[in-house]
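Quick one: this structure, given as structure tokens, is what I'll be asking you about.
For clarity, chains are labelled A, B, C and D in written order, and residue numbers in each chain start from 1.
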Amino acid sequence: MEELQRLVDLCRPLYTRGQAASYIPALADKDPSLFFVHIIDEHGKSFSSGDVTEKFTLQSISKVISFIYVCEEHGLDEVLKHVDVEPTGDSFNSIIRLENTYLGKPFNPLINAGAITVSSLLVGNTKEQQLVGLYNFISKMTGVETTINEEVYQSEIVTADRNRAIAYYLKSNEVLVGDVEVALDNYFRQCSIEVDARCLAKIGLILSNDGVDPLTNEYFFSKKIAKVAKALMLTCGMYNASGKFATFVGIPAKSGVSGAVLSIANPESMEGLSGKIGIATFGPAIDEIGNSVTSIAFLKKISEQYDLSIF
Amino acid sequence: MEELQRLVDLCRPLYTRGQAASYIPALADKDPSLFFVHIIDEHGKSFSSGDVTEKFTLQSISKVISFIYVCEEHGLDEVLKHVDVEPTGDSFNSIIRLENTYLGKPFNPLINAGAITVSSLLVGNTKEQQLVGLYNFISKMTGVETTINEEVYQSEIVTADRNRAIAYYLKSNEVLVGDVEVALDNYFRQCSIEVDARCLAKIGLILSNDGVDPLTNEYFFSKKIAKVAKALMLTCGMYNASGKFATFVGIPAKSGVSGAVLSIANPESMEGLSGKIGIATFGPAIDEIGNSVTSIAFLKKISEQYDLSIF
Amino acid sequence: MEELQRLVDLCRPLYTRGQAASYIPALADKDPSLFFVHIIDEHGKSFSSGDVTEKFTLQSISKVISFIYVCEEHGLDEVLKHVDVEPTGDSFNSIIRLENTYLGKPFNPLINAGAITVSSLLVGNTKEQQLVGLYNFISKMTGVETTINEEVYQSEIVTADRNRAIAYYLKSNEVLVGDVEVALDNYFRQCSIEVDARCLAKIGLILSNDGVDPLTNEYFFSKKIAKVAKALMLTCGMYNASGKFATFVGIPAKSGVSGAVLSIANPESMEGLSGKIGIATFGPAIDEIGNSVTSIAFLKKISEQYDLSIF
Amino acid sequence: MEELQRLVDLCRPLYTRGQAASYIPALADKDPSLFFVHIIDEHGKSFSSGDVTEKFTLQSISKVISFIYVCEEHGLDEVLKHVDVEPTGDSFNSIIRLENTYLGKPFNPLINAGAITVSSLLVGNTKEQQLVGLYNFISKMTGVETTINEEVYQSEIVTADRNRAIAYYLKSNEVLVGDVEVALDNYFRQCSIEVDARCLAKIGLILSNDGVDPLTNEYFFSKKIAKVAKALMLTCGMYNASGKFATFVGIPAKSGVSGAVLSIANPESMEGLSGKIGIATFGPAIDEIGNSVTSIAFLKKISEQYDLSIF
């Protein structure tokens, strides 16, 4: 897998074109030159580069996991009553469409308005129960106990005004279910969930294999939900650059401002890896849109070299 | 003053074209056929029709009073750092411009975004102190102790999601000063302040006389602030119908969804009244824009008959 | 009238804070340090400073004159079917509300969308007849034959894409009457009408006196239309700074990007002038909003000194 | 292929849920119960149902073909200077983003603003040459001379005001190249191009095979351009329902208000068809978003039955 490592080495220096997210100290302090990659295929073969056991927070990547979990719990139809699956050209934290659109339903679960709505659907009678379900869902997929980064979580709470505005607007539109502050707290916690590249790639592998772990045959979510999640990642997963990523990389992916990107592919042959694969990349330097600079570059490279585009 | 009473009688039946505000039970339960009018001139002469001692809540009329009070406390220049004085064509509860406009400063203090910003500027180390100042300001003008309608206040809190969204958005834009929940609580309380038509007309008289009570020569606020308040009332005081009211009535006015309207004029002669006058009207049936149907009709009639338009 | 001249001299140096409009060569070439003022009162007394016989184009000032003319021809009610009288917080050349608002009717006749709609209502079977009516209307008021600046007119045509977009959008909304290109040509011609400060002040005097020339008693338009025009000028006449102008100057005014401003007032006594007055100022250096820097400063000065504000 | 015919029969009655486009007589007069399907695979095998030689106009389907053609002529990089590849949540004929977005570049070539921009890039010194190139490009793919429906073309011109507004706005933003009216005329002509289902499916087959006709090995456009086109179709091809189509059908597709849909897939086995396929469906009854009701239903059915989704 020297070729994959060569591509990693080629992309790592590009971190200088971005910088670590600044709104949260715990993110801003990350070394921007870090670049970790972990890829795992359906046969259990894997490629690693960098410290794939160093943890980072999911941030917006949690949106797609939370959406999957809630759909599996409530049924897709029920969830789609609260959130649509249409891309927008707006910023992830835009509130305008909630006012301009008749029903005020968020356009998709990967923008903040949609993700907070989904967080309000987390099941459980108590706040603890609601999150325990999501934590367990992730833990079972990764084989590692789910933890949150307390420092990041506290920072999210402190910088929450815009998200709180969105949440109360959703409540006034009768889209958000239950208590606003509980939904927000769920949302901040899920954003603060910590994983390493190995765990994230494993989640990708299960998604790539339509909800079933190909290594254990364990079922996590339905094929139907997997397809919805993949379509959402392709059309809305990379913030305002989703269209360009679909066009020039062409694989379902979701990024977070921590610098992590979760993506999936299905190569015929990629340096010994083949079939369904999950890909986790982590490079804290993000561009002005919010996507990891090195991750984008690397995913573009491997998409071209191994013909990963679904188009 | 039979002619004024004739005009009242002419306009009262028009209440059937509107209906009482429905979002708060305490407002919805008002008899829509009520119509109270009190006018007082700088010589102390007055005209009354209906029960001018029955109380109603200020609602949005409080926005202009709170603005005046805060300007008098902080100075106009300081307040205008937080809120502009430009009309918009948007709904009173619109949030869009906070996102679309570079600085995110509310366009004027008579839309909710601006009024909540102003509420955040109420002075005092404690919440109680903040409101005591405003209450005292009003009490001194009216000669009556200021009270709030507890039922309306509790209802405002319950239906507060949209305003809370606006407030947190303002906070994220660093426009709103201090604690968001305190500013909102101030705002809900000021909206719930109760006055009767006599008191409201008295406030109008002082505003009409540029901040000084013409009957006692007591000073309340500066002429400069009075002029700003009047200009704001003319350009933005009647919600989305402000332009039409300026055009066809032509006097500074501010309405509230309770059905009250505060306005001022300066007639040469109006059935024995003359000079600076304050006008309070109250008719709970409001049109779809939020303005009292009977009040609008009556103000238009007297403007035409006694040449009240400032244009 | 030395004091008025002193205020002119005080304001003239402020031209350095703005610059001449750049989108049209004929405007860009104007000496930005020019500053002409002409004021005429209802008794025929006047104040002049600078070359009050040098011509400049009306630009957006034509919007209010054309609106008055069309209202007088068609009746106010008919015109208001096509254009509302509500202020907006948008740029003069914004198209967004035509899409966001249900009916797509322009909010007022002083933004481009509204002015082009009004231009489409100019009466006459032929394009020539349509404009002859407006030209004659102006000529009779000023006592001077109305001419257009051919160079400016040609430049307007060349830089017309945004206005053409607005006009076709209005047509698709079925607001604009008749042929789009004819309406646009009318609009460009009326913007290119040339007047000098004396003529412009005369128009102001007639408007100030509610449509009747106080010097000749000649009737031009109804008092009702005059009041609508004045209200529009106050609420929407100074582009996106209309609210601030209403607040801090407080007189009906309309500016054009040529650097001209038409305004009216009613001083008790102003250095020998009194009663209804028309004010024309011309200083080509405009601020980023489009208003003449020196004109704004001068109008603010005289408003404060002679208590001109209508509030 | 009885099963495919069974699915056609199942979906045809659903036409009652939509109605033929009403804005153009030539479209409104179509029998809404028509439903034609033609599918052709890379081996030349095909399935037909209904009159697959009856012609219909491309309407918005032309947008993707024109985009491909222009990219092949100018190079992808050059075209992307004028139009982005990001989805929006807006209507196809929205103008708002041209004002709200800094650069004013259309978000993608499948909304009207983007398509008209692309039409302005059609090469050729004369209008005739510009379109001859596109016509020839299509003729060579279909093997049939390209014609336009003159009645539809004339109707497009008559109902062109909104598109003309968009085009002039683009011109004022300096996005649209060359003469606005020429670009518009190109656009109306390309919308009026007539094909039958066989021809449309053939175009789909070539796109599906990345720009090369698999039956003749003739080259039409590059694989890179094909991938961009497919990504655009998936993210933006089905108007405001593109996200839902991606989610629940999951194949690149482009619809037109004539009721035609062009789509592509790559089934392992579909009643004897296999490998790259082009799919043309035509059912004039469209839903409120603009997509053929019967086409959508049929494509969803075959996607589920033959696992066509790319996700």
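What we mean here is this: a contact is a pair of C-beta atoms (placed from the backbone, for glycine too) under 8 Å apart; a residue touches a chain by one contact, two chains touch by 3 or more.
Which chain is which protein? Per UniProt: A, B, C, D = Glutaminase.
Quick caveat: nothing in here was measured; it's all calculated off a predicted structure.
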Inset, instruction - Identify the chains in contact with chain B (Glutaminase) as well as chain D (Glutaminase), in label order. - result: A, C
Inset, instruction - Considering only mean CA positions as chain centres, point out the chain farthest from chain D (Glutaminase). - result: B
Inset, instruction - Name the chain pair with more contacting C-beta pairs, choosing from B-C and A-B. - result: B-C
Legend entry - Approximate Å spacing (C-alpha centroids) for the pair chain A (Glutaminase), chain C (Glutaminase): 55
Inset, instruction - Return the distance between the CA-based centres of chain B (Glutaminase) and chain C (Glutaminase), expressed in whole Å. - result: 32
Legend entry - chain A (Glutaminase) and chain B (Glutaminase): spacing of chain centres that average the CA atoms, whole Å: 48
Legend entry - Junction residues of chain C (Glutaminase), two or more chains touched: 100
Inset, instruction - If two chains touch, include that pair; go through all of them. - result: A-B, A-D, B-C, C-D
Legend entry - chain B (Glutaminase) - residues contacting chain C (Glutaminase), complex: 84-90, 97, 107-108, 226-228, 230-232, 234-236, 240-244, 246-248, 250, 252, 309-311
Legend entry - chain C (Glutaminase) to chain D (Glutaminase) touching residues, read off their complex: 94-96, 99-100, 161-162, 164-169, 171-172, 180
